[in-house]
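Lettered A, B, C, D and E in written order, each chain numbered from 1.
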Amino acid sequence: MRRWPLAAPYLAGSALLVLVPLGLAAALAFTDYFGFRAPEFTGADNLTRLAADGTFWDAVGISAFVAAVVVPLRLLLAVGAALLLARRRGARTAVGRAAAYLPSVIPDAAWALLWLWILNPLYGPLPALLGVLGVPDPGFLTTPWGARLGLVLVMTFQVGEAFVVALAARLAIPARLHEAIEVEGGSPWFAMTRVTLPLMAPIVLVLAVRDMVVVVQNAFVPTLLVTDGGPANATLTAPLLIYRRAFEYGELGYASTLSVTLLVLTGIAAALPLWLAARLAAHQRART
Amino acid sequence: MIVLSAVFLAPLAVMVLGSLQRPLQPPPNGLDLWPDPVEWTNFATVPRFMPLGRLLLNSLLLVVVAVPVTVVVTSMAGLAIVTARGVLRRWLLGVSVLMLLVPAAALWVPRVVLLRGAGLADTPFTVALLALAGTTPFYVLLFALAYSRIPSALLEAATLEGLSPFAVWRRIALPLVRPAAVAVAALSGLYYWSTFMDPLTLVSSPGNWPVALGLRNLSEMEAALYPIYLAAAVLVTAPALLAFGIAQRSFFSSVERS
Amino acid sequence: MSVVVEGARKEFRARRGARVMALDGVDLEAKPGELLVIVGPSGSGKSTLLRVIAGLEPLDAGRVLIDDRDVTGVPAGRRDVALVFQEAALFPHLGVAANIGIGERARGTRRRDVESRVREVARVLDIEPLLTRMPTELSGGERQRVALARAMIRSPRVCLLDEPLASVDTELRLRMRGEIRAVQRSLGVPMVHVTHDQVEAMAMGDRVAVMAQGRVLQCDIPAEVYARPATTAVARTFGPLPMNLLPAVDGVVTGVRPERVRVNRSGAGRAGTVAAVEPAGEECLVRVDDVLARVPMADAPHPGEQVVVTWRPEDEHHFDAETGARR
Amino acid sequence: DEGSPTAPITVQVGADPEEAAVYRSLVSAYEEAGGGEVELVPVSRDDHLTRLSTAFASGDAPDVFLINYREYAPFVQRGAVRPIGPLLADAGVDTADYYEEPLRAFTYDGALQCMPQNISSLVVYWNRALFTQAGVPAPKADWSWADFVATAGALTRDGVKGVGIDPSIVRMAPLVWSNGGTIVDDDAAPTRTTLHEPGARAALQSVVDLIGSGATPDKEQLAAQGLPEQFMTGKVAMFLSSRVEVPALREQRGLDFDVAGLPVMGEPVSVLHSDAYCVASGSENAAAAAKFVAYAVGQQGQTLTALGGRTVPSLRSVATSPAFLSPARAPASSQVFLDAIPHLRHTPVTPSWPEVEDVIGTQLERAFEDGVPLDEVLAEIRKQADPLLQSR
Amino acid sequence: MSVVVEGARKEFRARRGARVMALDGVDLEAKPGELLVIVGPSGSGKSTLLRVIAGLEPLDAGRVLIDDRDVTGVPAGRRDVALVFQEAALFPHLGVAANIGIGERARGTRRRDVESRVREVARVLDIEPLLTRMPTELSGGERQRVALARAMIRSPRVCLLDEPLASVDTELRLRMRGEIRAVQRSLGVPMVHVTHDQVEAMAMGDRVAVMAQGRVLQCDIPAEVYARPATTAVARTFGPLPMNLLPAVDGVVTGVRPERVRVNRSGAGRAGTVAAVEPAGEECLVRVDDVLARVPMADAPHPGEQVVVTWRPEDEHHFDAETGARR
């Protein structure tokens, strides 16, 4: 039963590549560091600066907004597709599964530029399509909210990972349990809400946390390449801001402060769904 | 379902059609995407802008090394988490979630400093070192969840049969979560195939770069040469697609049999 | 309310192409309020039969009628059948109470009403203290009772039980037997009950169907099946102990129930050596060469003793050596 | 010491694919000439600084890197660059052969830090066919802002806009200067922005007025396509940019374009665009690095890059040679770039400048594209940019 | 080879803080070659006891000795114990043959040798035709036999069986009982066997331990436990039928085994009404008010009949009404 040695490679690798670097980053957060000379300890200076850094807090707000929209959409799409495409053989299912996964196969850089074209206000297929359908063009790259909407679209469709994971979770539910519900005369909706989804809940939860982290922290490629933060900083998300801070303005120390702050903020934000889900699960378990 | 498929497939279709447009032309208007004439030569032009063969080979090496290591490391760690009890379990989970929350940008600089210090920078496999850390703790949590679905009696039975922890992992636990393993393999494969920030920061010599970074360097191509860029994107995407085709079959067949 | 199975045929294709005839032309009927017990060796198709009635397994041929309506193509959810699975099939994410009540909730009953019914059923099955537990926190027998409770809470048109008492101790089992019968009688529904416990089969069954290799060998009231088994297979399968079948003479196999065999120290009869003596309460099982006998504890011989076994001629059963059919 | 091989050096450039090809040929020419081994690291422009930062931080900096003067100040101030003057002197380069303005721009703390390879400036690209169609005469040298506005208006017609101007400080700077205004209080040691002061404000207002006249692409058109692409496809008749556009414009079949000097508001002036080779302070092969830089900025090197069309050579002899000036290769009037040299000024060289540029650009965009009142924008610029200038 | 459990105490903390004393001070010993049967009501801690011996469940107090060596802290993998789980626990991704042979392979036996041993064990347990199947393709009883085969193939130091025959039919069960005993005797290992089948308990057990609520109430040879149950709980639990316990008189509870109760149409004794009659082969179970009696089929009364039940005074058992202990 003592199987912790199995975690040894993971822990060693993580220490070398994540934890120690993270420690370094946390230390850098209290320095002025530009990458050329040794970091200079500045105490709480960076924190003072952080508190007054309106641009950063604006960016955090934008990130929070994007996450609040994109994460549920992504989960809905991934889980919905997984439920639709579970346990049915046949060509259509195979095509559907491939289709759901495909957008994720396209490399980020290509994906972003592709959308730059798709969303193009004058030549893009999407505004043209909207025009044909008689839907007003929200101004994907030209207005602040249009740009945010465009960003949402770019980030929403690459759900292949989440889809595959959700599908695996769905298929791992023993057939017996669905048979039992079927015999009990439960509707498909009841089976989904009371059996399928609760049993998938832990994985959906991990997906949610991860999606949130990805959207809030790591997905700066779309903002960088599709909107470049514009128009007028409407899509200047936190990761893009940190990226600029670190590499365009060369302030690695302060960028570390921002990174670590973001880490703490997302930690708090992630704790919320985790806590909610725990409450929900307890509630569900208890009631008849 | 058909609508959903169409929505998902649309960007890919746009990409392929775009790659067949004639370069140095005004961009196509709106929905008028059908290339006329079809420019197959775009694909032949790509190697003029990037050493495609070399880059593809590097990427292939990277994936071939990093994916198995990722699967092994994460699946072992996942089992350790599931079978651990009490404090140890909470600690392992906590560390994994913490690492999940770390912004990638925060690690680039410290990571490269450490790896250079350890003399591990600048090989085609440098990026593959990330596999030692499981690529992302997400995969570890994924495995842990998959394992937690196995009836505990199975792992106990294996232990009683005298299987070592390693044998329990190798012969019982891993095969039982094959769908998760295939999923992690597919996901990590994709990750290593398309990551460009990691090699950009970690790998010094262009000779060791993977193809995604090559593609990234093409992304500032003149707008008029855009079809060539899309052709390159298609060339880079194709192997990943192919691999997914193969993996999907084994993934889904293994899931559906059990 | 009744359930009828006609010409049911079901073949499984196992891995590596092997085919298993799980049901090979089964005809059966359970009348309203009737309890039909199914017995048969392991792998004879009992569970498959129940799954077919429930609608979980499509038939290759034949049909299923519930209340004289052909439900062969009707999905499980609309057959209104209760089924207790052999392996409990509890929902791991739900507590015991929720597991019991899930069917009622699925049918839209209000939570408050479900709760009181759950409590009631739990009391009957002696699992009230477990209502707040999770399935993983139960013992084997407790799990089975929870599964049973889930079926008992409803008023289905047919009730199917797949060895629901296998892991329950004698005393409780005796009690639960009574409860199950009472519930069924009050509902007036047909019940099909699979069991390996022969005493249970005889005690509970209005009729009993003996299965082997996907076929029903005999279906009659228990006393009749016990008294006049239709084939050697039935004779071996049904009854507290398998019937002794002596080597064929002139194409006829003679069978005697161990309960009817007497073991004497001397006298006329088949002489033999006591191979084993197994105590069983008031009686003990004595194996004399190939013949099993149940004798009072007081008369028990010692292993190795030379004894003589006899029985009355009217206790003999005769079967065709070739077909196994009763003569 | 001919024959003795020099240690291999790495050279990092941020370049688009076409430019990267030019640098590749430069490196191979150098290697063929027996210069020594060079590993070229071409990365996309967006990644150039990212990679430089991480590389420097990990002690794995390239020996040589190419950088714009508007971005190099942080590197120098923070000690990443080894002053190149003495190195080049050792390599036999005489800075007197080069134009002075870029040398000045790359002089920091009194020493030449990096060696400029070009001396580009802001000019007006114009489409000859559209001018002919509209019956508008070709731009004259020293044309006035009024001429420019009138020309733009005359060129504007169905599907064609007269002129395109990016809302950025490098585009605005020469107009501001020309109108007698300034961008900052002290070019050498700036402490605050001065765009709100009358001269500068008036220049910016003229641009706003021009935009208000409808002679420039609207917001959607700008988002849909970059100005160079709009120019190539005949959607704008003029646009303001530096020499960098030439290779792509040359590729465009059927496009007949030329360049003209900037219109004059008060005095003639233009803004410097220049990239330089820097030697990293940590380089262990400084001599070899300098040798490469000497070649790259020397006769052969600059001829090669000039032929690529991308650069205005900083070496006088190449700049005045047919490699750059030949009218056979568009633009016919390359001389315009050389004519601008006496009037060149450069934007402040200070570490926080990249961020200041971003702030100003974002705000100007609001004024030019969203119609936000100029004064509101200028106030915002003061509010955001001045603290940056004061911080270090 | 022997196994000893001393003062074993194990408490589960169920959800919502409820505590369950699964083992509450258990002392037991199984000697070399001895077969110790454990019986007890559902939830009495039998499975927990086996899991504790196997090392799958840490003890709160007490210790486990195997071959006189304290193995309390030794991990399960190094105790060399075979355990057949109540719910089979077959590896779903491995075929039947691989499932049976996995332990041997893990111990490094050559594939050829493993194969032949697997075949041999499969023959004994009548599952040879199933060797190429997958576990999902087996019936309930077939699964149990495969699990049994996995335990039987090895030569462990202790052998633990948790109701391995629950889903196996009578005939096969009788045969497998013999096989299990034979294998165990030949290995000379102690075996602890949990069962609900009282006949099985009496027939197989060298000694039998009766558990209830985490305690061992009595541990002795089956005949002794049957003849002189130490408490009322034992009396109800052990035996083919639970003992009748009459309402206490003067602090004494009187018990009579149903097998010893006679039902007469008239005469002296307790008068009562026949509540139920359940046939069971040669005999039937008659419930007269609260008293259960087993009477020959021929003497069976009808439900509703007025009868009198009697027994011989020497068949009475007396227990303390308060403690339940035998007097």
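List of remarks:
Assume a residue touches a chain if its C-beta (ideal position, glycine included) is under 8 Å from a C-beta of that chain, and two chains touch if they have at least 3 such contacts.
Bear in mind that the values here come from a model prediction, so they are computed numbers and not experimental data.
Using the contact threshold fixed earlier, the set of chains in contact with both chain C and chain D is A. A count of contacting C-beta pairs for B-D and for B-E identifies B-D as the more extensively joined pair.
Centroid analysis (C-alpha atoms only) places D farthest from chain C. Centre-to-centre separation between chain B and chain C, using Cα means, comes to 54 Å. One simple way to say how far apart two chains are is to compare their mean CA positions; for chain A and chain C this gives 55 Å.
A separation of 16 Å divides the Cα centre of chain A from that of chain B. Annotation for chain E: residues touching 2 or more other chains are 15, 56, 75-77, 87. Shared interface positions of chain D, i.e. residues touching 2 or more other chains, are given as 46, 50, 53-54, 57, 225. Shown for chain B are the residues in touch with two or more other chains, namely 27, 109, 113, 159, 165, 216, 219.
For chain E in complex with chain C, the touching residues are 12, 14-16, 18, 20, 39-43, 46-48, 86-87, 95, 132-134, 137-142, 144-145, 162-163, 166-174, 178, 196, 198-199, 202-204, 222-223, 226, 236-237, 239-242, 257, 259-260, 276, 278-282, 285, 292. Chain B makes touch with chain A in their complex at residues 1-2, 4-9, 11-12, 14-15, 18, 27-31, 33, 72-74, 76-77, 79-81, 83-84, 88, 92, 95, 97-107, 109-111, 113-114, 118, 129-134, 136-138, 140-142, 145-146, 148-149, 159, 165-166, 168-169, 179-180, 183, 186-187, 190, 193-194, 196, 212, 215-216, 219, 226, 229-230, 233, 236-237, 240-241, 244-245, 248, 251-252, 255-256.
The touching residues of chain B, counted against chain D in their complex, run 24, 26-27, 49-50, 108-109, 112-113, 115-116, 121-122, 200-201, 204-206, 216-225. For chain D in complex with chain B, the touching residues are 10, 16-18, 20-21, 39-47, 50-51, 53-55, 57-60, 225-226, 228-229, 232-233, 248, 251-253.
Residues 174, 176-177, 179-187, 190, 194-195, 198-199, 201, 281, 284-288 of chain A touch chain C in their complex.
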